[in-house]
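See the structures that follow.
In what follows, chain A forms one complex with chain B and a second complex with chain C.
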Partner chain A sequence: MGLRLMGDEDAFQQSKDTVSMIVVIPVIFIFIILTITLFSRFAVKSFDVREVHHPLLMQRAVLSSDCFSDGNEIYAEKFTSERFENCLKIKGRNIGIKATLEYDGKKKEIYDNILMTNRDFLCHGKNICSDERYFVLVNDNGIKKGWINIFVIELKNE
Partner chain B sequence: MNKKGAEGFLWLKVFYFILALIIVILLYGFLSGKLSSIIFLGYASREIGMNIDAVKIFDDGDVKITEEFKEPLYLEIKDSKVNVRSAANNRSLEYDFFDGDNEVEYSSGDKAYKKFVIEKNEGGVEINGR
Partner chain C sequence: MNKKGIAEIGMYLYGFLILFCYILILFLLSFFGTSFQEKLDAQSSLDNNINLASYLGSEAEYSEVNISMMGLILHGYYSGDYKLLDEKTKEIFNPLYPRRGCLTWKIEINLKPDGEELHVIQNSKLGKEKNPGVILIKVPDENKEIEVRMVDRC
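Take a look at the complex of A and B:
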């Protein structure tokens, strides 16, 4: 078989390959960078533990002696928004907690983060709301049976 | 195309294949390393943050939580934030917890620990690296 010079068609094919290589290589690198960025973002986002975290806050509000209770009973005089804000510090986060104490025909509502009052309508999509009701003993000039309702709303940061 | 041209074309394809293989192996190694590190740090920071919130429920000394991780970590807790930094690759991640009146502050300093003991004492939450 004799030697044959590169024909017009081959030359065209080779130049086409070179041009496609110039395009394909940067595309590969852009793809790599995008994949790394997206993977890193999703890996962190997939660690959304707010639904696990909320029950801890609720238990803390009900049981901790830093809040209203001594571990056994809730003291009616300690059940104030000011004490609530000090025992569970929100510090500018998109979270709000409402606690409602009902006993002996009385009803008291307190808030941790007043900005989040009446934001129940935001409980959809990526925002997470938790609502729990606990039976409690209330100390208000004697021990009374009652209920405490804790409502937590946390808005997605982005 | 002559024989030389055909050979050159074949080598170019081999080169493409090797290049693609190298890119895939490097990308896999990088992503798997980075991801497992992020997953580990994400887990560790959230676990410690929630441990602090959990011990705050109880009275002094009622509950003591010991956490042991697979890798040593530098731990810093300040301003309602848990910051964990891997001793292996220096990557770090932060997670918020809910502080109270007695603010929790801790720093493992220049020592990385695998084990952390978290408990509530009279002075508030106490954390010790071991």
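Take a look at the complex of A and C:
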């Protein structure tokens, strides 16, 4: 088999192919990476759970028999900070809760993590604060109409 | 350059233009497109169910007898008189609002399965209805239920 020297036309064709490969291969990579990036953004859904976490804590405080209720009514004698701290178990976390119970002309305030509860001025930026008010039945020598206000503050670690 | 070369230039330009447009759209979508974020609203409806459950269990004085709001609703169903129910309901729910950015509330009392609207208690017709909480009351001796539905008006 005899060797043949590359002609001008072959050399031109080869250099043209090389240039197009140099351009096309990176473009294909960019194309693939961008496509994956875009589709992963659409495929991964983010759920905003911050607005779920606090209501869950509040609902547990109002309804749980570990706190001060039997699921139907709140027992005035169980409405204490000690019981509150033991029922929600948020110790060691950057959360503070204040619950205020009003009934029959009386007003009682209790705290879970008292260090955090007078930090209303921090309710901005990444910190999350929630405030909710419920109508409840209060058992204090008979069933009385009452309103419980629950304020939650959660400081976010940077 | 021969004719074939000129035709190839046009093809390359066309290909690169399409690629450029595609990449530009991808960049724009990646940086300015909104990511999907979902809020779970069920919790707010549960809050209204808590309020409704306490409301139905609370008592009001009627003809020197203590009667629950649930009893008052049944009384209204049989007699058509919802006056005391209206008064006591407003006493309970007016102090709760405004809350969660919602100015006021509405309570609907409907008959199931007929779907007949028995009574509505509300302060205002303004605002979008949100976060429905629903409790059903069995009507004694009838195969019917009374649906008590509470919504926020936001």
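Here is the rule we use: the second predicted complex is superposed on the first by the 110 of 158 C-alpha atoms of A that agree within 3 Å, B and C clash if a C-alpha of one lies under 4 Å from a C-alpha of the other, contacts with A are read in each partner's own complex, and residues count from 1 in each chain.
Basically, a contact is a pair of C-beta atoms (placed from the backbone, for glycine too) under 8 Å apart; a residue touches a chain by one contact, two chains touch by 3 or more.
All of these numbers come straight from a predicted model, not from anything done at the bench.
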| item | value |
| --- | --- |
| First, second, both or neither for A:Leu63, with chain B first and chain C second | both |
| Which of chain B and chain C A:Thr37 touches, first, second, both or neither | second |
| Which superposed partner A:Arg93 touches (first chain B, second chain C, both, neither) | first |
| First, second, both or neither for A:Val27, with chain B first and chain C second | second |
| Partner chain in contact with A:Trp147 - chain B first, chain C second, else both or neither | second |
| First (chain B), second (chain C), both or neither touched by A:Asp10 | first |
| First, second, both or neither for A:Tyr134, with chain B first and chain C second | second |
| Which superposed partner A:Val19 touches (first chain B, second chain C, both, neither) | neither |
| Those residues of chain A which chain B touches in one complex and chain C touches in the other | 35, 47, 49, 52, 56, 59, 63 |
| Contact set on chain C toward chain A in their complex | 19, 22-23, 26-27, 29-30, 33, 35-40, 43-44, 46-47, 50-51, 53-55, 57-59, 92-93, 95-96, 99-100 |
| Chain A residues touching chain C - in the complex, by the definition given at the top | 27, 30-31, 34-35, 37-38, 41-42, 45-49, 51-52, 55-56, 58-59, 62-63, 72-73, 132-137, 143, 145, 147 |
| List of chain B residues in touch with chain A within their complex | 1-3, 5, 12, 23, 27, 30-31, 34-35, 38-39, 42-43, 46, 49-50, 53-54, 56-59, 79-80, 93, 96, 98-102 |
| Footprint of chain B on chain A - complex, ascending | 1, 3-7, 10, 17, 28, 32, 35-36, 39-40, 43-44, 47, 49, 52-53, 56-57, 59-60, 63-66, 71, 86-91, 93 |
